[in-house]
Amino acid sequence: MKTFSTSNGILIRLNANEDLLETLASVIKEQQIQGGVVSGLGTLKEITLGYYQLEEKQYDRRHFAKDMELLSLLGNITWLDGAPLVHAHVTISGKDYAVMGGHLFSAKVAATAEIFITPFSERLNRTHDEKTGLNLING
Amino acid sequence: MKTFSTSNGILIRLNANEDLLETLASVIKEQQIQGGVVSGLGTLKEITLGYYQLEEKQYDRRHFAKDMELLSLLGNITWLDGAPLVHAHVTISGKDYAVMGGHLFSAKVAATAEIFITPFSERLNRTHDEKTGLNLING
Amino acid sequence: MKTFSTSNGILIRLNANEDLLETLASVIKEQQIQGGVVSGLGTLKEITLGYYQLEEKQYDRRHFAKDMELLSLLGNITWLDGAPLVHAHVTISGKDYAVMGGHLFSAKVAATAEIFITPFSERLNRTHDEKTGLNLING
């Protein structure tokens, strides 16, 4: 991983085999990022996605083992229980170009990933919401 | 709906059953946002998407009733006939993780949605374009 | 093509039949943009997408001739061999609303495209990486 500070945010180049969310968490901690929005592209592998089943209040999960293009990652950085959390949804595709997607639980980088953080100075916190079963942004 | 002002834009948390585009319009009006770009993720339901048929100069429409993950929302805020307009395209997926997408006509929030507006101070207007049949950004 | 300068970046409206990446390159050159992140939506045609085959260190390519909604374009502007380069991944869909996607090699605009550049003042360079076969961001 290598980070590049720019006048409008931080560009992160992740390397093959790095864990995407763990690497982002380490950058956030190291650079003391308080909050932000996240976007990016690249290639991923060993991807676990989720679909939220609101009635059951739990995620269905599916694993994608193969190398996939990361077409879009959109998310944000907030705080939960005193630690920064990256909440992100992704779309991915393989050699058939058909796109799959969901809530990102975990993934490793296949060849490279290029993630941009637009930081903000405010800490926004998530708190557990009984009604939806999710940790919602709550200020 | 709850809005959070940050150093780089406005983060909006929408709640279950809120109309996505109507809620964004109310935030834009209330906060007197002149323009901007919009991105976000969440979960949606009762979604109407469009595919533009350029030859016929009209949209085909399809309705998705079920709860879907909102994987990406990308759009912008411009003005049409004196009122702010959110133009957005989305990708969504259900429990089979296959992604559908199109021009966003309308949707309600299923569990939550997290939308970020990067505002700008300029008003950009759309005007009707005969050739394409669309309202194009025209300064 | 028409560009609109805003307080947070440059909004570009592309017109029918314009080449997407060539037009972006001309704006970058004309406005002397040093770097940035890119996002956008619109409609495309004559689209060539790629899927990177890491083992073979080469892209598979597929052409999509028909008009498609451009649901998401996410990318960045860096420098390779002394010239600015837009690296972008896209998701697209047709009248069946099923989403396809990949690395964007080339595309023309069908009706319109609305692309936003968040510029930064730093030049970031890509250099060829033997291990992956890709041009990676390297500072």
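For reference, chains read A, B and C in written order, and residue numbers begin at 1 within each chain.
Please note the rule applied: contacts are C-beta pairs under 8 Å (C-beta built on N, C-alpha and C of every residue); 3 or more make two chains touch, one makes a residue touch a chain.
Just so we're clear, the structure is a prediction, and the values are computed from it rather than from any experiment.
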I want to confirm something about chain A and chain C. Since they are copies of the same sequence, is their interface symmetric in residue numbering (over half shared, so same) or not (under half, so different)?
different
Enter the angle, 0 to 180° in steps of 5, of the rotation superposing CA atoms of chain B on those of chain C.
120
Cα centroid separation, chain A vs chain C, in Å, comes to 21
Scan chain B for residues touching two or more other chains and write them down.
39, 72, 91, 98-99, 118
Looking at the complex, which residues from chain A come into contact with chain C?
2, 4-9, 11, 13, 16, 39-41, 43, 67, 69-73, 91, 93-95, 97-99, 110-112, 114, 116, 118
Taking the touch rule as given, give the residues of chain C at its contact with chain A in the complex, in rising order.
35-37, 39, 49, 51-54, 60, 62, 72, 74-76, 87-91, 98-103, 118-122, 124, 131-132, 134, 136-139
